[in-house]
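Have a look at this one before I ask anything.
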Amino acid sequence: MSRNIQVEKASVPPIEMQPLEIVERKGVGHPDTLLDAIVEETGRNLCRYYKREFGRIFHHNVDKGSLAGGRARVDFGGGEILEPIYICVVGRAATDVLDKGCKITRVPFGKIVLDSIQDVLRSTIRNLDPIKHVLMDYKIKAGSGDLTGVFEGEGKIPLANDTSFGVGYAPLSETERIVYKTEQLLNSAAFKRKHREVGEDIKVMGLRTDNEIKLTIAAAVVAKFTPDRDHYTGVISDVRNAVIDQAVKLTDRKVSLEVNTADRPKDGVFFLTVTGTSAEMGDDAGVGRGNRGNGLITPCRPMSLEATAGKNPVNHSGKLYNVLAQRAAERIIKEESRVAEAYVKILSRIGHPLDQPLIASAELVVADGASWNNVRDNVAAIVDAEVADVCSLQDLIIDGKISLF
Amino acid sequence: MSRNIQVEKASVPPIEMQPLEIVERKGVGHPDTLLDAIVEETGRNLCRYYKREFGRIFHHNVDKGSLAGGRARVDFGGGEILEPIYICVVGRAATDVLDKGCKITRVPFGKIVLDSIQDVLRSTIRNLDPIKHVLMDYKIKAGSGDLTGVFEGEGKIPLANDTSFGVGYAPLSETERIVYKTEQLLNSAAFKRKHREVGEDIKVMGLRTDNEIKLTIAAAVVAKFTPDRDHYTGVISDVRNAVIDQAVKLTDRKVSLEVNTADRPKDGVFFLTVTGTSAEMGDDAGVGRGNRGNGLITPCRPMSLEATAGKNPVNHSGKLYNVLAQRAAERIIKEESRVAEAYVKILSRIGHPLDQPLIASAELVVADGASWNNVRDNVAAIVDAEVADVCSLQDLIIDGKISLF
Amino acid sequence: MSRNIQVEKASVPPIEMQPLEIVERKGVGHPDTLLDAIVEETGRNLCRYYKREFGRIFHHNVDKGSLAGGRARVDFGGGEILEPIYICVVGRAATDVLDKGCKITRVPFGKIVLDSIQDVLRSTIRNLDPIKHVLMDYKIKAGSGDLTGVFEGEGKIPLANDTSFGVGYAPLSETERIVYKTEQLLNSAAFKRKHREVGEDIKVMGLRTDNEIKLTIAAAVVAKFTPDRDHYTGVISDVRNAVIDQAVKLTDRKVSLEVNTADRPKDGVFFLTVTGTSAEMGDDAGVGRGNRGNGLITPCRPMSLEATAGKNPVNHSGKLYNVLAQRAAERIIKEESRVAEAYVKILSRIGHPLDQPLIASAELVVADGASWNNVRDNVAAIVDAEVADVCSLQDLIIDGKISLF
Amino acid sequence: MSRNIQVEKASVPPIEMQPLEIVERKGVGHPDTLLDAIVEETGRNLCRYYKREFGRIFHHNVDKGSLAGGRARVDFGGGEILEPIYICVVGRAATDVLDKGCKITRVPFGKIVLDSIQDVLRSTIRNLDPIKHVLMDYKIKAGSGDLTGVFEGEGKIPLANDTSFGVGYAPLSETERIVYKTEQLLNSAAFKRKHREVGEDIKVMGLRTDNEIKLTIAAAVVAKFTPDRDHYTGVISDVRNAVIDQAVKLTDRKVSLEVNTADRPKDGVFFLTVTGTSAEMGDDAGVGRGNRGNGLITPCRPMSLEATAGKNPVNHSGKLYNVLAQRAAERIIKEESRVAEAYVKILSRIGHPLDQPLIASAELVVADGASWNNVRDNVAAIVDAEVADVCSLQDLIIDGKISLF
């Protein structure tokens, strides 16, 4: 059955010619990103368990949850956590699997959640102790399906579990690259080695108006490595210099920078933390409230509201189509040199096979003089191939080869 | 101090001329919308309490939370809730207020949360009993501020609490109006009187490709009013007819419609519920995962990811600027007839007064022949006035005069 | 198989001749008693459900839990609940039942817990609103047994699930009767009609030294019916008079009385409540921490530490043997007039039929001149018959015909 | 003011001459004992914190809580925890301390609870990983007192916070010693070194009828050290031999022994565990449901129902009087050689100084020929001195020098 694929010239001008861009990235230690990472790790570990034990993946979606920030007392030189961070993973899963012989196997979903929380925290936030600083919880129930938890139409293309859409585009704009790489730089192992004072909770906001880029950075500082104000000021200065040094290599535009603007030195207010994340002190989080699949929040670009983290990679169109759209856009840019920018949007039909979306659309900014018919056919073929291959995303996601936030 | 206001011609063509639109609305009984309503009601009730008791609003943000769906057994003619829906409101608030005489007043935040949950559920879902079907919880801690909980710079324009942006646009497109009004129709008192079988959990997805609009509707059906399959089929047919009747009055485009596409009659699978919301059976929710401020999810339009629900209306730029942008766009359309479409974007500067955003931008689709300079100045004045008046939003929000989802 | 029954003369003198007695009763509105009532009601409702749906009772024990008191603001004339009372039922149950056709039935244990909490609160505390004043929760998991949840050896005498003992005695001493009836009086419908100010949280402590009885009563007073100190003083005076009036009819000993001794009028400290129970303000509770099966706490008498509330009435020796011992003691007194006092103790053997305890012992205070051999044989026969009939307790308990606290 | 002290000859015969004794000890790894240890450790750590930071102890009582058992899959040779053990500490404490300058200090009660849970588990159960196998929680609110949390009458003898009684006796009977030492032996470091298969969850029940003692032992076996049935049988045999070897040195009575009677080898049912405690698999617990202050449950002896664990050691008569009664009884036996057995009971008067109980009573079994008047006066003096010195218990308890379970 042929797919409903539509390829059009973009109705928007190239991104760099648009007068305004707003771009945000919440770093790996930001509470929203942390929670996304936790539920996605939980989902991946469930998949691995199901595959290992039963040879196939069972129903699950652990794409909700909340993080309620703790309370801390902090000052230059140190501090302590007064009340722990509360993290709760919410969702559903096949909690007990009934085999053909009417024998039940209990799925260790509780253990999987706890291990996932611990692993993410331990590998993400250097100065947070997941044992002493965190209360873990979960609310996971068996889903609405039958006890077997088998996806319908097994062996064939899974049916979309919802009416939902995915969007993706390529390439990143200059501002987007700068915002993304700024956070990557500050959270890199190399930077942390030199500047252990800088925590993982880093938020970068970029505003481009015509040819001017303003970056606003909030970077948690770890109190125990920061004995006093002078030291703090030095750290902020180091952050500033490193960011500027990198940014000027990425753009010819004018770049300005503000770091920890909310500090009020006169009142003794600084972005100091015990652990390196604001989750320690009342900064709460929800799943799906942070970065989109490309690691950015881009209100001036098409965006999906779907939380990709925690959803199952078998039949959840809200997850798969976002990944698919992003990859298709990137492949178009890579393989069709006459396309300068590509926007891909896909809309699922609940209850229909995932490779039969209601529509898959590509909007293209093409180079002057390009043969449109030819470009259009090439791009349509790429989109068609990507949609046809949607099931291959499953393993890539489980293996952690696709970044989702 | 003059504001950084920028008015430009839109780089996008008019929405009706764009080839593709995807528009979604999650109805008032959808779990995500329910949870947004609950946290916003909690926030408003906190504001009212603070004002009544202390004459001013104290720090709070209750914009996180989760809803873990229950378990139900349902069949034509009836059913029962096996495990209740779990609803947890997460956030922070001034829980104890210390006056100048060093006397503490305990804030009844627990009572406020419970009353808010109960009130929203009772007024939204006719067939849900908030006592028997719901487990309530909350995780609310005192914030990071001092115990007084007073906003900085009281009496003056509050300082933005974060670097965040708001976006808004006007007017709604035809497809957007149809999607919005479809849900409003199905959840109207008049419709419910005639069709009590239709629950409040209604999701409408609209896809426009050129001149064709496809609506996909998922509408929970209340089992106790639906004795058998024939009755169910009749209900679905009634929904279909009502929606089409309304849609054809709103557009000349071709409209097609699918209702409850995920039903599999052969397997006995229907969208039947005890209560009228899928929250009863494992459909979980998070705050800020549903409709944007205009009641829609519009991936082909600029969107903010900020959850507006539950945030304080005093200094939370993520809430106020979204409301502000939306209202400014509407006012531009109303007052400047030469503007066909307006997109407004505002970006805050953390720690700076709310009426001094980093930028407030309007992009306009103007009528041919309009005098651009004149339009620009008029619109700039409107945006300037709206930004200057940002504090007036506070009371409108508390009084429930502004719809947020 | 003959039972190991041992009948001896008591090694203690008659209770009224002992120099010291300490007797306590926690009234129906005391947090510990409330929680016992809630878990027992939950257990009974589970039994009824299992019997109704499946024709037999499945494994369960819901004999743990906690009640974390709320916070209230109270003053003469009224007050309000600031934070609700948190009640959590902890235990295990057959949550899903697998029939022979390998079909699963989901047990509505969540609903059963919630209904039980609501029912107990509503029928016990007149001025508490279980919707506005209480957070409900539960932690109930499937037990360690197989999924069927069937008790071993069905159709036969169930096997004791644990090594545990039960104790009982009869008759009550004079002091015990006075303590018991004091609470019954103050919580009677007749008394409440006249004195609506008196809450249900009433604790009575009795101390007898030789021929003097001192009663200490703590009685919650409902603030909204008590406008001022004078009124309060009048209420306390009414309590005092009613208790004394009744007590003098029950004893010739000297009785003295103290009510709400912890009040400190000078500091404005009174036992005032919004709801009539101290659970509203930080008085926490655990299951099995209150009255024993005869409604009393009697450190000068043999006591079992087993919580009877919430345990299953099928195979839990800790529950059944306490009930059995109490009933056997009462029957001995009733049927064998030569016995003045009877103490019965039974110890189970885990894994053995309930009618085959490791030992069932009766210690008797006999009238002078009684024929011991004859008494001994009669009593042994009574104990034997009661033990043989242990399974009949099941229905009596489920039907609420046996008081457990 | 002179104290109300009453010394009498015991109305009961010496314990060894009574025909029946039932004695139980729940070992350190039994869920009830674990939970008692956790709340007591929490209380002690709160005391230490208050003293260190503020120079005095503030109001608190953390004597409630629940432990909801997990789920495990276990077989000879190993197993895994499927769902963690849930542990919740419930109580109240001064959570924020307001000093004279109207400055608030936040008490790290959350951290204290978590550290206490972790420490107890780590030091008690060798094969339990408190990070992977446990969900921690707490429900601790500020108490009903004022914010300062200061105990009334500071600097003087504290006032009893409740009407409650304590009981104690000495010396232990032969059966009691055997039961106690049996558990101590099996949980000793020496025994564990040789028999690492034996878990910490050990329950010993002793029944003495005249001159025969029957011990029933339930001992969790750690699966990973127990490859098969033969090995298991060997472990049980080792337990049996060790217990008998010790018992015969402690008594001349006939001792018989049953270990893990609930095993049903035919059905493959053994007391195998992953961790060494039944808490891993649905065995729930409550505070105050286990051993009394002398480490035993003794229904044939006077017992208090008061949970001593978790209560504050400043003004909680339910805690202090149990400790006091036990110590007074032991001192009587030690210092007055003519007393063979001593039972001490103390009843508090709420709102009165702790050294002014309503009554302190000693009942004595005295040697034949002893001069009663002299004995009575000596014992009265001992009891008087102990009561007078009640405040000295505070530090002993905080320093962990008094065993409570």
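General remarks:
A, B, C and D label the chains in the order they appear, each numbered from 1.
Simple rule for what comes next: a contact is a pair of C-beta atoms (placed from the backbone, for glycine too) under 8 Å apart; a residue touches a chain by one contact, two chains touch by 3 or more.
Remember, predicted model here, so these are calculated numbers, not experimental data.
Shared contact partners of chain C and chain D are A, B.
Averaging C-alpha coordinates per chain and comparing to chain B, the farthest chain turns out to be D.
Rounded to whole angstrom units, the spacing between the C-alpha centres of chain B and chain D is 55. Here the CA centre of chain B is 50 Å from the CA centre of chain C. Per-chain Cα centroids separate chain A from chain B by 23 Å.
Along chain B, residues 70-71, 83 each make contact with two or more other chains. Put simply, chain D touches chain A in their complex at residues 70-71, 73, 80-84, 106-111, 114-115, 118, 130-132, 135-137. Those residues of chain A that touch chain C in the complex are listed here as 96, 98, 102, 104, 147. Contact residues of chain C toward chain D in the complex are 6, 8, 11-13, 17-20, 22, 24, 61, 63-71, 83, 86, 88, 90-92, 139, 141-144, 152, 163, 165, 167, 203, 205, 207, 209, 214, 216, 218, 261-264, 281-282, 284-290, 297, 299-300, 302-305, 307, 345, 347, 349-352, 358-359, 361, 363.
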